[in-house]
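Lettered A, B, C and D in written order, each chain numbered from 1.
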Amino acid sequence: MARVLLFGRLSDVAGWRERIIDPAPASLFALRDLIGAEDPALAEALGAKGVQAAVDRVIVRGDAPLGAGAEVAFMPPMSGG
Amino acid sequence: MARVLLFGRLSDVAGWRERIIDPAPASLFALRDLIGAEDPALAEALGAKGVQAAVDRVIVRGDAPLGAGAEVAFMPPMSGG
Amino acid sequence: MIRLQQDPFEPGALLTGFSAGRSETGAVVSFTGLARASGGGVERLVLEAYPGFTEAQIGRIAEAARARFSLQDLMIVHRVGEIAPGEAIVFVATAAVHRREAFEAADHLMDYLKSQAPFWKKERGPDGERWIEPTARDISDAARWEQERGEAP
Amino acid sequence: MIRLQQDPFEPGALLTGFSAGRSETGAVVSFTGLARASGGGVERLVLEAYPGFTEAQIGRIAEAARARFSLQDLMIVHRVGEIAPGEAIVFVATAAVHRREAFEAADHLMDYLKSQAPFWKKERGPDGERWIEPTARDISDAARWEQERGEAP
């Protein structure tokens, strides 16, 4: 099981903000491909420049394994202040 | 007649803050020499690095003529804030 | 002190609290970011955060500033949710013995908050909604601090 | 707004007034200079001004900042007379559309107030009185702005 969170414009594109994927794929890239497979617009948005992923609240560059109950967040470029 | 103002440590050295000199000398340097002539410690302090003069509230570099009723200020290095 | 909040806050009241009782501080710098109406084009700014992660990342940004500058104290308050034009979005304050450190630390904090704190912002106006992404200048402003240390740009 | 005053002032109250009703301002930066006790070595700071001339010179410093940076507004409040440790000596605030201008203008104002505004300051403590002159850093800080424009250092 993995909990997936979308932020910023990604949740607008997908039409959802949070989702449980069960069973969870073994890796971040496999998870990204899975949620993108059923939604080409989301797949494109997830692949856009500057989109980052965090696994269990740690920013990850490249692929990463997903543990049991992982929290995976996809985040467009950040813009505070 | 000229009104002479001393600021900061200059007034501590001289023991006065404001003085009317009448008749006034014709120039700033002549005025400075006049008030320094009777007080060698003040003469030295007026010649110290960074001491500036203003005539009628305009900073003057070098000598300057003094008009009737001039206000002459001698100012050590400024330090606001 | 680091805080995220939904409710509006008053920057002056925060500065009053931050400056009080500082008999060994020489310099306090504050930055307040305000929501702009853009001539009526923006009715609300909507700020989204990643609860838990956002606070932790701001904590890391604060630690980096503390490690780099001689600070006595710092404060960061950031709004989330809906913000009306003229309301404060973010308040940062720094306290130091001398002014250069206080200025640079506040500047540094803002540059990183702008480009590396997990917030996503959209403008809502008469013509609908629009996501705001960091500008090229936001990115180059944060990069200044890396270059100054001789790191790769 | 430029003001010299004998009475203590509260920096937060000034920031509240300065930030209010700004629906087209993106950034407000404030600087507050506080009197330091220096571990008990300073009981009072005594600030002397040249009435009339000091206000005029601060006005020139403000005009230079307005000419150089895209500012919407600025405020300078400076104490004169006796100042206790922990009390504010000076408050500067700047308002701009973007933060870089607000930061740089506040920094610039303070550099010039430190070295070119007609104030003279002494510390009074248990060991007597001592005049404070601008430090080498105060002078080099103000010189930064000349060098950046390619003028003689």
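By definition in this document, a residue touches a chain if its C-beta (ideal position, glycine included) is under 8 Å from a C-beta of that chain, and two chains touch if they have at least 3 such contacts.
The structure presented is a predicted model; accordingly, all values stated were derived computationally and were not measured.
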For chain D, the least number of touch steps when starting out from chain A: 2
Of all other chains, the one whose Cα centre sits farthest from chain D: A
Centre-to-centre distance between chain D and chain B (centres being mean Cα positions), rounded to whole Å: 26
Intercentroid distance (Cα basis), chain D paired with chain C, Å: 23
Inter-centroid spacing, chain C versus chain B (mean Cα positions, whole Å): 49
Residues of chain A whose C-beta touches two or more other chains: 81
Where chain D touches two or more other chains at once, by residue number: 33, 99, 110
Each pair of chains that touches, named by its two labels: A-C, B-D, C-D
Chain C residues touching chain A - in the complex, by the definition given at the top: 33, 48, 50, 52-53, 56, 78, 89-90, 110, 113-122, 131-134, 138
Contact set on chain B toward chain D in their complex: 5, 7-9, 12, 50, 54, 57, 73, 75-81
In the complex with chain C, residue positions of chain D that touch it: 10-17, 19, 21-39, 85-86, 88, 97-100, 102-103, 106-107, 110, 137, 141
